[in-house]
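Each structure below is given as structure tokens.
In the two complexes below, chain A is the common chain; its partner is chain B in one and chain C in the other.
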Partner chain A sequence: MKAQAHVSTALDSSFFSKYKKLIVAALLIIFLFVLGEIIVSDFLSVGQILLTIKLSSFIALFGLCQMIVIAAGGSGLDLSVGYTATVTAVLTAKLMDGKNENIWIAILVALALGFIIGVLNGFFVSYIKLPPLVVTLAMSQMIQGAINVYTAGKNITGKPSPILQLIAAKTTGFVPNIIFLLILLTIIVMLILNKTRIGILLYGVGANPTAAHLSGVDIKRVRFLSYVVSGILASFIGLLLLGNMGIAFKDMGSNYVMPSIAAAVVGGVSLAGGDGNYLGVVLGAIFLQTLTNLLVALGWGDAGKWTGFGIVLFLLLIVYVSNRRKR
Partner chain B sequence: MNILEAKNIKKNFGGVAALSGASLTCREGRITGLLGANGSGKSTLSKIIAGVYAPDDGEITYLGKKIHYKNPHEAKQQGIGMVYQNLSLVPELTVWQNIVLGDERNAGYFLDDKNARERTTDIVHKLLPTLDIEKKVFELTPSEMQVVEIAKAVSRKPKLLILDEPTAALEKVQVTSLFNMMKELASSGVAIIFTSHRLWEVVEICHDLTIFRNGRNVGSMDFDKDEKDVKKIIFYITGSQSETSIAKTCAETCGETRLSIKNLSLGTILRNISFDLKKGEILGVGGLAGQGQQELMLALAGNFPKIGCDARIDGKPIKLTKPSKAIRNGIVLVPGDRETEGLFSKHSVFSNLIFSKIGVDKKIFIIPHRKLKKECEQIVDILALKAASLDAPVSTLSGGNQQKVVIGKWLGLEIKVLLLSDPAKGIDIGAKADLYSYIVNQVRSTGMSVVLYASDTKELIEYCDRLLIMYEGSIVATLGTEEITEENIIRASMHVEKE
Partner chain C sequence: MQGKSMETKKRTLRDFTSKPEFSSLLILLVMFALTAILQKNFFEIKSIMRNINAFAPLILVTMGQAVVIISGGIDLSSGTALSLLTCVLTSIMKKNDPITGLYGIIVAFIVALLIGLINGFGIGYLRIPPVISTFATSFIWLGIALFLRPTPGGESVSWFGVFYNFDTLKDISGFFGTLSGFLPPSLLLIIIGCILWYVISKTKTGRYIYAVGGNSESAYESGINTAKTQMVACMINSIFIFLAALFFVGQTGSGDARMGDPLTLRSIAAAVVGGIALSGGRGNVYFALVGALILSFVNKIIFFANIPYAYQTLVGGAIVIVAIAGSQAYISYSTKTKEIKIG
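Entry: the complex of A and B
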């Protein structure tokens, strides 16, 4: 009897320690909603919650890019995701011209753009060994430059295919369609990272590159591919962003870069690499959006939003780092 | 006079008792040996005394006063110095800058570098006269770094000096100078706590012994009165008096050549190395520390893309330019530093055990969890690996069990040649015996071949069928089964006979 009790408590504690960061993120969201309901009326309602999740979905999507490159280790980070999305949206808007039959060209262009940007990022980071922060920052500037040249002196014309608008902007009943997409994506990502060789390699390379190398894994290739995947994902997010907004404009994606990194941190992704749970990142994104809503409702506006993000990041990093020190 | 008296110290780490009533007395001018298997609590007690951890219970009296240090800095200021197992040097600073770090003195407004260099030279040269104190620490060999670490602690003129496994990284000559310095310090009144896995060292240098098992005192000896009885000490440490000596039977079982290496070269680190490894043979690699042994092991595991080498396995030519190439040909490495080279400490035992298998097998896409769980349970059984569960993070295991995980991660693959780079470093006597008996059994029953590098010569003598002696990156001697004796090894290692 005694032994059994001991085993079950051991299980419980390992369950909690495994999902501790998820639970923390979920509790924070609940706390914010309750706080919002107390301060501002009508904050806690089904409609408001669904709207919050919808608004947070793009942060969560970009957060996936960040999680993949961060998990691969080597101080991974991808600042170029927002710009990749913008350039894709700007270029494909005209190609699609509001017609469904043109979606395939748009997809091919998105794939090619994301691939090229990802390959360049990955090549410089992994094979030339330049710091990811600098490489992806430089890439961002170059893409922004290209966008500026392309859009100089003329309006960006074109509209997304209706099917993109259906996915990104419309609702089924009262549930925004993009939430279904996010749920589907979360399930697929969790399956790939937990049940396939890809996940094992990604987390292994991030946790201890030397050990992974000596175990016969090509760590440069894994890191290179993490940027390629990030680039392609970012490019497809650009299509969705276009679908959501209905038009393309110059800085439609860049505002998501910092929140996407913040979402990864709030979601418990260790910046040292080697771990990361996408459900956590999604919760992190929802938390940040809820915080934004609350600050907006309080009339603090944009300044309040960014200050709030900063404070939250500081506090969570303090908690996570002190946790690690205790061990 | 008692310098330090620790009584009935208790310490728990998250429900696990590391110390459950341990006591230790250190007297002026005496060297006290602290012995025990890994996880017996000797490191924990040392760290409590040095102010790294606070005890849960018990009292410590130092120089007649009860102490409760909040951090190592306070302890250091009161004259308690500790040399840690994991080095704490700054790689970018020079030897002398490291030694005076945190203890700089001024001449006028500026630092007195001249005085600092003098202070450093005095101490360093007692330990290692050839060491250039202007060198940066990252340029040093591991044994030289260890010397600097010791010099740093000694330079603060401690009244109590704690040396936690200081000799693990040292060469024999350096161990002798360290012992001389310890004797000198002791005769000037310093009390010293000394721990080492090499029993003969402890017996040689210590005045008295305290032995721990499972966080408790199980025995003590005072060599003024007691005889230096090694068997009795081992009995205290392990709790059982067993002699595990495995007879060498290679002569009969060794078959045809398994691995043939010709003209292996790597810059100036490895020069023109050639040897044959037979089926079912344990080939030792010995010599002084840092003569290219560890690099040879890494080279055989495919770690150096620029290697020049003509290698054949079972007669088939192979390239050793990538780890994956070596692994696919059945050559696997258990690296020297398990934490930085062998393990994913944060990840579970299960993830660690399956990583290599998944890593090299490109055909796997979806992980067959159930099948692998079963395989891992078998591996855990075979190696007598003690872990709370397969899902427990590797960082929660003891050193010996962590090392078993590093070996275990290869057992899912077909091993032809097992490269062992100092596999018993920092693990206790019981786990060491387990490990070697498993390896020897495998070799004798399956015809697996082993290349073994060990920093402890005793391990080489006991387990090797043949022994290569390395000196400055070349093989300078090969000893056959009958010739492997301590005397022969030392003579060959010093490379006295020049050709």
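Entry: the complex of A and C
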């Protein structure tokens, strides 16, 4: 039923319906900025917009991990991305020790860590057929446990190498460098997913597993690989996070997990799988960050901030995620 | 479900051993034995009561969570909903005015039903994916809870302690003093929850919850109001959360907007360990209780086995995943052997 709906949207080639969710997300962001400018002065400025995008970039990066595992279907989700990033940051901070020549070791460690975590997630989800939510949740707990063991009774020492800080924290002129990275990544991801076989495999497996299976695709392997890719990406995001923060700490990544899923959903990724446009996820992340900024600027404190966030997210979901079947 | 007559008894036993419930019972037995070995005074009344008190919130929240999962949903807001209810209770109650305790309970119950109504409206009527819709509502509950109680605290009437220990009432009658020696009120709350679910499971609604979670399309086609059923499931869940809130306020006498947070994901894990399928429609709510007990015993074992604090989260996570993988492997193994027999 759901798969059929996806196929029919894919076949509908009219520009507006194809990019409807993107346009809605973009309009919402503009609306929030205008609203912010009216209510709180000094909200709509180039500096503020760039800052918002910079702050949202990590949600957007983690959103890529989510989009990949969600798109592969099978009610995929990866709750462990934030923890993967944290463990990478904690371990590599010491290895790099603020020196550029050590970055290769850090990259190797990140690759290995992300690979191992992704393989474990993918194995349990795809081959043992455990629910992704529970597997990645338990994985998060184990990673957090490992971090606790590693950091027990001592301070986390070390600094990121300057090159990471250059990418993640510094600005060129007035544009934060990480925005360039995000743009580059968006282009690469869009090219890979829309112009290569990888995209067809990923979306095909998510949208209609039966058809994919009948046409000879190894569904289990595609889903397994989606978690491996998610793990490796999350690990590298950990390096960037370290570069941005300058130091590593125990819960630096965990707060991004649920917002990254929300960003994916707001950006038009269907949780049923087989769908998803990374530009939408980026816009979703920017939307969530703008909303948070606006609610903070209103000065209602934590209570107002979270209530507003919840209500707006819920209303937004009603408007364009809710799937009221025509009965 | 299980036939009572003699001739079917043997078959039902074999059916039972092939169910996920059987494997979770086995795991529970192992955990129980391990805890009994490690905790020196495990069988003393005092420590049994203390254990029941420590396990009660997770058990109650997990049973509610199980109802929602069986109906095809999931509730990521149950922890913050619990926090919100403790904040509501402690905001209404005035320390020196005993009647406000009653007002508090009534208002909190209404708030609980509203929470279930809104969650169920999102999941059932608006058909927003439950993971994301209850994630959104969790922020609403958190925000309101923080509005009521920015920092942990608040007042509670003195008799509210009755939800934690009957000792509170011993001035009224010596009976309660004796009662407090062997009966923890939290056990009564759990029993109330079990009775509630027993009654519901015997009604049409109970069967509808399974039908809708198992296959919402065919449930709809056979004339079941699927949206309403899912909403009712969410409201049953919030009644369980309400019971847990009574216990919490009885125990601490205060409200805290953040106290429930860890329970959300733990309750989901516990439900899965108890054999509730996240895909919906399968599982037994009483075995959610077993799942919650298993997770609680795991914590006890880790604590008593003198595992260094730093390792506790690691070991806990590993045991959860092993337990779930084990039960899953057990199910697929037993269904496979069945198929072979048929073939």
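Just so it is clear, the second predicted complex is superposed on the first by the 296 of 327 C-alpha atoms of A that agree within 3 Å, B and C clash if a C-alpha of one lies under 4 Å from a C-alpha of the other, contacts with A are read in each partner's own complex, and residues count from 1 in each chain.
Quick note on the criterion: contacts are C-beta pairs under 8 Å (C-beta built on N, C-alpha and C of every residue); 3 or more make two chains touch, one makes a residue touch a chain.
Since this is a predicted model, take the numbers as computed values, not measurements.
Asker: Applying the touch criterion given at the start, work out whether A:L130 contacts chain B, chain C, both or neither, answering first, second, both or neither.
Answerer: second
Asker: Please work out whether A:I200 is in contact with chain B alone, chain C alone, both, or neither, and reply first, second, both or neither.
Answerer: First partner only.
Asker: For A:G274, using the defined touch cut-off, is the partner it touches chain B, chain C, both, or neither? Pick first, second, both or neither.
Answerer: first
Asker: Pick one for A:A303: touches chain B only (first), chain C only (second), both, or neither.
Answerer: Once the two structures are laid over each other on A, A:A303 reaches chain C alone.
Asker: Under the stated touch criterion, which partner chain does A:F314 make contact with: chain B (first), chain C (second), both, or neither?
Answerer: In the superposed model, A:F314 contacts chain C only, not chain B.
Asker: Of the partners chain B and chain C, which touch A:S215 in the superposed model: first, second, both, neither?
Answerer: First partner only, chain B.
Asker: Counting only touches as set out at the top, which of chain B and chain C does A:I156 meet: first, second, both, neither?
Answerer: A:I156 contacts neither chain B nor chain C.
Asker: Which one hits more chain A residues, chain B or chain C?
Answerer: C
Asker: Looking at chain A, which of its residues have contacts with both chain B and chain C?
Answerer: Chain A residues touching both partners: 327.
Asker: If we count contacts the way the header does, which residues on chain A are in touch with chain C in the complex?
Answerer: 1, 75, 77, 124, 128-131, 133-135, 137-142, 144-146, 148-149, 151-153, 258, 261-262, 265, 271-272, 301-311, 313-314, 317-318, 321-325, 327
Asker: Please name which positions on chain B make contact with chain A in the complex.
Answerer: Chain B residues touching chain A: 301, 303, 322-324, 326-328, 333, 335, 340-347, 351, 354-356, 358-361, 364-367, 369, 388-389, 391-392, 395, 409.
Asker: Which chain C residues qualify as touching chain A in the complex?
Answerer: 74, 122, 125-129, 131-133, 135-144, 146-147, 150, 217, 220, 265, 268-269, 272, 278-279, 308-318, 320-321, 324-325, 328-329, 332
Asker: Help me check something: in the complex, which residues belonging to chain A touch chain B?
Answerer: Of all residues in chain A, those touching chain B are 10, 14, 195-197, 200-201, 203-204, 207-208, 210-218, 274-275, 327.
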